[in-house]
Structure formats: C-alpha cells, structure tokens
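Structures are listed in the sections that come next.
In the two complexes that follow, subunit A is the common piece, with subunit B as its partner first and subunit C second.
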Partner chain A sequence: MSDAATQAAARPKAGGFSIWQRLRGWISNPWGRPRFLVLVTWSYVIWSIAPVLIAIQFSFNDSRSLSVWHGFSTRWYWGDPIDSVWHSADLRGALAQSMKLAVVDVLIAVPLGVLLALGLARWRGRGAGPSNFLMLFPLVTPEIVMGVSLLLLFTQLLTFVHTGTFAQILGHVTFSISYVVVIVRGRLFSIGTNLEEAAADLGASPSQALRLVLLPLLAPAVVASAAIVFAISIDDFVISYFLSNGANTTTVPMIIYASTRATPLPSTNGIATVILLITLLSVVAGVLVYRFFTRGESGRGSTIDDVAGFGI
Partner chain B sequence: MAGGEVKLVALVKQFGDVMAVDGIDLEMPGAEFFSMLGPSGCGKTTTLRMIAGFEQPTSGQILLDGEDMAFTPPHKRNVNTVFQSYALFPHLSVRDNVAFGLRRAKTPKNEIKQRVAEALELVQLTGLERRKPAQMSGGQQQRVALARALVLKPAVLLLDEPLGALDAKLRKALQIELKALQQQVGITFIYVTHDQEEALTMSDRIAVMSDGRVEQVGPPSEVYEEPSTTFVADFLGVSNLMSATAHGDSDGRCRVTVGDFELYAARGETHTTGDTRIVIRPERVHLEPHESSGENRVPGIVERVVYLGNSNQIIIILANGDRIQALVQNTGEELTYRQGDPVRAYLPAEALRVLTDTGTAAIDEGALPAVGSAA
Partner chain C sequence: MYPRWLWPVFALPGVLWLLILFLLPFYAVIGVAFGSVDQILFTPIPAWNPLDWNAGYVSQVLGDLAPGGVYWDVALRTIRYVILSLGGCILIGYPVAYYTARHASRTKTFLLIMLVLPFWISYLMRMLAWINLLSPDGYATRFLSWTRTSDLLLHMHVINDPSNYLSGQSFTVILALIYGYIPYFILPLYASLDRIDRSHLEAARDLGASPFRAFLHVTLPLSKTGLLGGAVLITLPMFGDYYTPNIVSGAPTTSMIGNQIDLYFHGGPQPTIGAALTIILSAFLMVLMGYYMWTIHRASKELPQ
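Presenting the complex of A and B:
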C-alpha cells in the first residue's frame, strides 16, 4: 500500500524527473513510512555501536596491533602469561577494585536511598520541597566538581578519611543515592498513600504496613535502582580517580585511560569488553527481576518505566 | 455484636487556613445505615477519614460506643474502611487480601480459613480466592474490598463512595446488595456519597452536608419532603425555588406573594413574615389549560419540553418572570403542551414549602452526570 502511495506521490514529477526530485518524493511522502527518521535512527545506532564493536573485535586480535587484524585469538584474555586480563596483576586488580566498589556501593546506597525516598515522599511541611529538589542536585552537578569537592573535603576537613578505597566508596555512595531516591520516589508516588492507609485500617502497625505492603510493592524500583547504581559505579572514572590512592585503588576505567595514553594493548580492550559484559548482564538481570515483580500489573509503575528506561 | 454507636461532638478539622470540617455534631445509633451526603469539598470525606483515624481532628470528640477515640491510631480502632479506589493490595491474592486483617490480629489458622471462606461467600466471590486484584473486574474488586473489611467483624464499616467508579447499571444493582448486606450483618454503615439518589435508596438516615457543616439530618423521606434549608431543597433532587414575601399564617397556611400573584403554602415555616423563599418539587407541579382558574394557579408559557424517557420535563416561564420545571409522567398519551403554549401552573398549597433561610442554593448536581470525585 505504501509503495502504491509512493508511486502516486511521485507520479506528477514523472515527466521530467531527476534523482533529486525522486529523492524528495521518496522522503516527503506523507503516506509512506517515516524513511528519513528511520535513516537517522539507524545512522545513530551504527555510529554509536561501531566503535564499541571494533574495540571488542581487536580484543580478540592475535597480535599486539590495535589497527591491523591478524586473526582470532583469546590470548589477551587468558593466553598471554604476562599481559592478558587473567594473568596481569594490574588488570586483575583493577577489575577486582571496580567490582568491589560497585557491589559495596549497591549494598550501601540502595537501602539508604530507599529510606531517604520514603522519608521525602511522606514528609509534609516546611523543608520538604527544598529537600526534594536538593536530592536532584548530585544528578546535575558536573562530576568533576563533585570529585574535586570530595577530595578537598577529605584532605582538608575530614582528614581521618584518607584517600583510597574507603573514600572512593563514600564518593560513589554520595552520587548513587540520588538515582535510588529518584527512582524509588517515583514508584512511591504512583503507589500513593491509600494502600498504607488500608493496611493500617486492617490492623497493621506502621512497621508492618511498611514490611508487608510497601516494600513488596517497591521491590521493582529497588531492583531497578540497584542495577543502575551498579552500572554507573562500574562506569565511573572521575570520582574514583580523584579519590584513589596508588595502584591498589585503580579501577578499570582508570587503567584503561592510563594504558591507552601509554602503551595500548589488546588486553585493554579485553578488560573493557569484560566490564561491558558485566554491566549488560546486571542490567538484563535487573530487567528480568523487574518484569517478574511487576507481572500482572497494568498501568501502575509507568513512572518507573520512564525513569529507569525499563519500558522495553 | 451489639454496639457500633458513633457520636461526633463539635468535630473540627482545619487544613492550614481551610476549615474542612467546621463543628459537626452527629449521632449514629448502632446498626444503622447512615449516609453523609454533600457536594465535593463539603467535608464528608474528611469526617469519614477522622472516624477511620487517618486524620486527627483539630478539636472535638469521636465517640465509639461511648469511648473517645479521636487520638487512637487507625490500626487500633474497631472500624474498617472500604475505600473509593478499593485499595486492594495488588501483590496479594484475593484470599490473602481478605486474610490480611485476621493475620494481623493473630487469629488461629483454622479460623482464618473458615472466616475468609464465609466472607467471600457473603459477597459471592467463592472460587476466586487465587485471583490477583488486577485479574478482576471493578465490581468484583469492590466486593473483595467489602469482604476484606467485613471479615474483621468491625463495629462500624466506613464506605467512601465505594460505587463511584462503577457504571450506572452495576451501581444500581450493588446499591440494593449493599443495603441487604448491611441488614444481614447488622452493623453500622457510614456511607459517604455525593449522589443523592444513592443516599436516598440505601440510607436509614442521611446527613446533608455543606461547607463543613451539617445542614439537615433525617430519614430519606424527611430530607426530601421536608428540606429545612434552601441548600437541602436544592441539593436533593430538582427544586423550584422562588423568592417570595410572606404575610404570616392564616388557618395553618402561609399567605405569600410572588410578584403580583398570591399563593398559599401549607408546609414549612408558615408563621413567618417578610422575605422568604418558597419551594416545590417538579413532580408536584400540575399543568392546566390556560383558561382554568382557582387558588394557587399562576399563568405562564411553555419554554421547552424535554423528553426524559419515563417522563417529560416541561420548563415554564411564569408571568412574574420565574422559571419553573414540571415533571409529567409518560403514560403513553400524547403530551398536549408544546413550546410557546400558554398554560396555567397549579402549585398545590400542600406541596408548597416556605423556607426562611436565604442561603445560597446548591449547585444542582442532580442534573449533571455523576462524577466520581472525593470531597
């Protein structure tokens, strides 16, 4: 049908048609598919994914080159006894440090963020509005500003916090909490206060209402925010860098940055691929658990879908 | 299971500068179907929420069987609520929703099983125990909400416009069921609604509310037939309100003048003199040929005839300029009045009521499609 429409639109120009006219008819035909938009979309997808795919490809290169393909090999993952991801102490250490930061960040930021969201959503009165607004602050503050401020804070004021893993965790938790709060609060608003009132009406104490009604309903938001916190923590460079303290606090993004500037090896691409895979897996797991918790629900939780980008 | 007597004493609730409930005194004897009726924002839902314990009164008392519970938290009150939105727990099955309250009360397992089954039978939902709320229709969800509240055998059941979200036909059917259910379980129902027909159909008594105050309390027939204020007359059903001058009682009837016409009104404040309002229900207005004569007959012209199915609504402009409605039952015979015809409206003295307050009339919600909005 759309082809017929295309022909119909092109027909008046058929007499003295040029390529230009045909192209215009093809793109601006209002009955056809939005070909121009499709073209733009696909261009963008290819543009954004191609470099990543090429980087992944060269992590399997059977040579030290990052520009000439010498055949498939897994030497940069475990074959090479010195420089592979598996055998290099630096790379393994960085991977361990990144995972440690991300896991601890999730374990601290998610419970704290849920409590904060509960408090902010149920808080009526003076200060509630500004506090709700201020929670968004870490989301819009440039990371470098936050990194510098935290470094100054820990070296000048709170000197008992030495740079290193502890400081890095504090930094990660600081910016992760906002994500948790925003996501959980969105879900809280869509749940409303009615169900808590119903629970109280049926004889549940406030803590029982929280445990038996609110938390089960918040589960999808909690899972979504955990996946997101994990992903952004593993991805973080600036704050980890500012608050690091020597080789044993180097994270994967830091080591990738350092080795690309010095002597880039395919193993750098290898560790990047590993981190990409871990992030993807965490998000996929998040989506699956989220789907599991929200099965049978309709309408409710659309806010969280938007916020978390889980409306797939 | 005696009791369930609720008494509100000088109850006030203020939200900032807004007086939501402005000093309410009400007595609801046990086992009564009591309705609070009023337009949006009249304070009826706030009053209900204070009885349930979701709001704390600014001042005043809420007595349940003689005991003040104004400051008892909701989970310790022997009252249960059916919410407008049902507020069923979406993550729990029907059975777990209904058992929720019993489990909180640490009821033995066997008894929970038995009472849940009984409650579901009461609302005719046996067999749907495993369903989730999202897998049920609005009417079924409404029944689950009822079962969930009734299974706890509360002294008082509070209902906040529970039929508001249902379509007209289902609402009618459930009205009758609810009333029957109340008589069966024999506990106090306090029912909040803005739908006057709903209140008239089900209630033993109705409190008509406006602006945080109670305008009138009484059985349905009384508030409908004997409205004590302009607001009540206008809010319940359609009323013809006219400004008049009263000249006092003569033989139990009040002589009033409306423009150049002299009428007799036998109901209401018949002893009054001076500026008043007179009111008559459309179904009590008789239309007669223009030539007819006699007491309480006012000439007018048919402005519009509206076909309503079971009746015809005829709008007449009286000679003094007032516009009134008459309701003529559809008996199958052809209507003799057409637009522009001169007629004579007979307003029988025994249907004409004198009101002394000159308060504002309610927005006539009866003429609008019902909107399910909370007060």
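Presenting the complex of A and C:
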C-alpha cells in the first residue's frame, strides 16, 4: 500500500505539471522501485556511449591533444600533410587492409555458412552430431587460443601458408562461419518445410524448390549474417594480430592498439571514427534490406526483434 | 523430396574448413607444447607422433602455475579480475536488462538500440576512448578529482596515484573489462527476461507475495538461463584477454594469463612455453565451454522443427 501512496505523491497533481513536485516526490522516495531502475539504466546508456562520442569529438580537435579541446578542425582527416587519415600511408594502408579482409571474409564465410547451416539442419546421418558440435566450438573459444593455434598451424604444420594476408583471411573465415550458421539455421527452423513441400507437390524439381522457394526465403538471414560477419571482421584484433607479418598486413584495430601503447594522435581517433561510420552504414543497409525481404511477414518479426537480432 | 546425399554434401565444405582450420590447429598446439626445443636457436621442435610426446614443458608450466610458482600471482590476479568484472557486470547489467524488458514502454525501442550499439563500435575504439578520458588532464580524470571521488578511491586504497590511472592500476583494468564486456552480458539476459510470461508474476502477487518475494521466487529463477549464459559468454573471453590490460595499463603488475601467452609469441623467445600455457588455459576453460555449448544445443532443440 505504501508503494502506491508514494507513487501517487510523486505524480503531479491533475492539471499542474510541476518539476518541483516531481523533485519532491523523488527526494521523498529516491529508492522507489522503478526510479532506481530508471536511474541505473539511463546512467548506463550515457556511460556506454558518451566516451565514444567524446573520442569522436577529439578526432576533430585543432591540436595534438586528446584531452584538451582547442576548437574544431578537420586537419586530422585530411588537413595534416603527414599524420592525417588521408595522407598517412600507415593509416590508409590499415584501412585498406581492414576493408579487404572484411569483404573477402563475407564473400567466403557467408556461402560456406549457408551451405553448412542447410546441411546441418537437415542431415540426419551419423556425422551430423559431431559436425554440429564442431560448428559450435569456435563461438566459445577465446580468441587468444584460436590466434595461438592458427599461428602454430601456419608456422609449424602447414608451413606453405605463410603468415600474412592469406593467413588472416583463413583465420577470419574460420571464426565467422559459425555466426552465419547460427543465424541462417534460426531462419530455417522458423520458415519450416511446408512451402518447399507445396512446391514439390506442384511439380517443382528439387533444384527448383531450392532456388525458387528456399533461397528467397533465406535471403533476410543471408543479409543479416553478411552484415554481422562484416562487422566482426572489421572489429577483430587478436586473429589479425597473431597472423600478421609486418606493416603491410596491419589492420585498423592493430593501429589503434599500437598507438595506445605510444602517444596517440587525434588521427587515431579519426581512423576509428571512419571505421565506426563504415560499420554503422553497413548495419543500417543490412537492416533496411532485411526489412525489405521480410515485409509482410507476420508474427515475431517486429522492429524490436530485428534490432535485438542484429546484435547477436 | 530431396536426394538423401544432398545435405551431407552441402555440409561438407564447411565441415572440412573447420576440421583443417579449427581442429587441426589444436593439434598443432599440442604438438608444439609436447615437443622439444632446439637448444641453440630456441625454436620449437614439434612432436607430431603421440609416442614421441614429451610432457616436460607442460608439467614445468603446471608447476609454475602452482602456489609459489612464477605464474601463481598472474593466475590468481586473472581469476580475481574476472570475478570482480563479472560481479560489476551483474550489478550494473541486471537492473538495466530488467528495466528494459519489464518497465520501459515508450522508450523500449530506443533503449534496445542503445544496448545493441556497442556491438557495432570496435572494441579497440571503446578502449581508446577511455585512454583519452583517463589521461592526466582527460575529462574523466578531472571529473573524478573535481567530485573528490579520486580522494575517496585513494583513501580506500583502490588506486595509489590519483593523477595516473593508466599505468598499473587494477581499478582501471577492471573498469575497462566491465566496460568492454557488459554489452555481451546484458543482451542474452534481456532476451531471457523479456520471454518471462507476466501471468506467472501476477499469480505470485495474487497469492500474496511481496514484489521482492515475487522477484526472488519467480523472475530470478526464470532468468537463470540468461544470467548464466551471459556470464559464461563474457567470462570465457575475459580469461583469454590480454589487450585490455595492455591498453589501459601495460604494467607487469596488472598482467593477466593472456599477457603471458602473448609475451611468448610477440617478443619472448619460447613458443613452446606459450603453447603449453595455451593448452592449460583451454583445459581450464573447457568446463565453461562445455556448459555454454550444451545450452545452445538445447535451445536449438527447443526450436520448432
């Protein structure tokens, strides 16, 4: 009862919206159940985003400082002839390397993962169980274990694969496949087999049923997994770091890592901002295409589920 | 309707890829860890035949990890950091996930976007942001000393130098670990809290339970899967983390077990010791990995076929 009473006291009187009354209600019961949660939640949201916004702000700083603001400038993006994102060979090279790895990763991991998801979802043979187990393993293996094991594979066992871009691509695909499988398999289970069976009843051959019925239905999951693979590849530090062989295989996360151990310049924040923009653009594009493909579908496919699903 | 051979053939390329580039690498680690070392060049001489295995290096590292060994402090520190960070994640993350799932109505979509947003921001950039904030004249440093929080932290021996957060402060490393991993904890927890049927809670309240008792006996047990899943999901990478302590501290007094492994591959001369450490870490984490894979497996079985 006292709970209801304090809530009534906290609510402004009918007709008069008064911040003062709200404040008094707050002070009289600062630990009221929902208020404590509101406070924690919004503090968390601000705490989780503000540092990144400040980091973006300082990429536009008109001095070398990353902690004292000297006015707005774009010199760290292209003005500075040596250290800007546009002019520094290191930064441009890292940006190109990150993009190259992410694009090739998407091109290899998505088809492999879609096929594997289809196979694992419907294969009922003896090897299906162990294969399923093998597929889940990379999702839970700490990156350093994967990095060490791939490095030792390429330097001790399969020595014809040297460390470098090719090894980095192999590593990125290896940790990406399982994400594709999990996303595509979820979609496979939710669409069921009814439509394919209907197509077969109406005379479709197996290859027609696959191409004309199943593939279009899988399209949203394919798009979602492509966006996620792109983002985790761009974000990856450990695998790229363990499999790199020098300056020409340096990625953006490696540049950021190296600069934090020395004295970072605002151009480091600049290149991080560029990567952030690229990732967000790819996610927005992914969400838009996803919603285009799932338009008219009823049930769980609300915006909220889509948004949450994109954060797997 | 489809030929029976079709699905195994579809699965084949992916399975082969994982066998060669995921499972075989583990064998490479085992071969190196149980191999020997060239006494002049210090390069590893791997032993691929199990009959030639030499457990000398692995047992040497195991001894180093035991009380009194050279890695004992590092191992203990790793466990302490992970437990404290996990505790911080639960304390902050549970109320956030609970509020978003249960109470947020108009703001729910916005809050969800904010909870997912960190997933799309590079981990390294989020660490870089804290480097800027905690530098000697950074915003966070000035805020902490302006609010006298730094004095309080100093007084409580949480930090030992209020003007230097970025070298050898456990406080900063734990803060960074929480900041880095908490999004991965909140989302599965949110999902499990959001799935709880409200009629269970109404039943508990109708039967006379206080809000607190209803939470304790209904909501908490029903969110157990998400809570444990999220906890394991962040615990595993935290045990293998080396870049977070390196970025925000870089001092040997805050190094974790991952830093030791990294050291043997980037700078140190002996990959064999690094491989032995990797194997021991994997074996230690196997229980957690098994648990998590079992929950994923079970969840995928519950999906309508």
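Here is the rule we use: the second predicted complex is superposed on the first by the 266 of 312 C-alpha atoms of A that agree within 3 Å, B and C clash if a C-alpha of one lies under 4 Å from a C-alpha of the other, contacts with A are read in each partner's own complex, and residues count from 1 in each chain.
As a convention for this text, a contact is a pair of C-beta atoms (placed from the backbone, for glycine too) under 8 Å apart; a residue touches a chain by one contact, two chains touch by 3 or more.
These figures come from a predicted structure and were not determined experimentally.
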Answer with clash or fit: subunit B and subunit C placed together on subunit A by superposition. fit
Please indicate which partner A:L66 is in contact with in the superposed arrangement: first for subunit B, second for subunit C, both, or neither. second
Angle, in degrees and to the nearest 10, that opens at subunit A between the C-alpha centres of subunit B and subunit C: 100
Does subunit B (first) or subunit C (second) touch A:L202, or do both, or does neither? first
More subunit A residues in contact - subunit B or subunit C: C
State whether A:N194 touches subunit B only (first), subunit C only (second), both chains, or neither. first
First (subunit B), second (subunit C), both or neither: which does A:V283 touch? second
With the two structures laid over each other on chain A, which partner does A:I49 touch: subunit B (first), subunit C (second), both, or neither? second
If we overlay the two complexes on their shared chain A, which of subunit B and subunit C does A:P216 touch? Say first, second, both or neither. first
Distance of closest approach, subunit C and subunit B, by C-alpha atoms in Å: 5
Interface residues of subunit A shared between complexes with subunit B and subunit C: 197, 200
Spell out the residues on subunit C that touch subunit A in their complex, using ranges where they run on. 1-3, 6-15, 17-19, 21-29, 31-32, 44, 46, 48, 92, 95-96, 98-100, 103-104, 108-109, 111-133, 135-141, 179, 182-183, 187, 190-191, 211, 232, 236-237, 239-243, 246-247, 250, 258, 261-262, 265, 271, 274-275, 278, 281-282, 285, 288-289, 292-293, 296-297, 300, 303-305
Along subunit B, where are the residues that touch subunit A in the complex? 52-54, 73-76, 79-81, 83, 85, 87-91, 100-101, 104-105, 132, 134-135, 148-149, 152
Along subunit A, where are the residues that touch subunit B in the complex? 194-195, 197-205, 208, 212-213, 216-217, 296-298, 300
Subunit C-touching residues of subunit A, taken from the complex the two chains share: 3, 33-34, 36-38, 40-41, 44-45, 47-49, 51-52, 54-55, 58, 66-68, 112-113, 115-116, 118-120, 122-125, 127-128, 131-146, 148-153, 156-158, 170-171, 173-174, 177, 181-182, 185-186, 189-190, 192, 196-197, 200, 206, 209-210, 231, 234-235, 237-238, 242, 252-253, 256-257, 259-261, 264, 268-269, 272, 275-276, 279-280, 283, 303-304, 307-308, 310-311
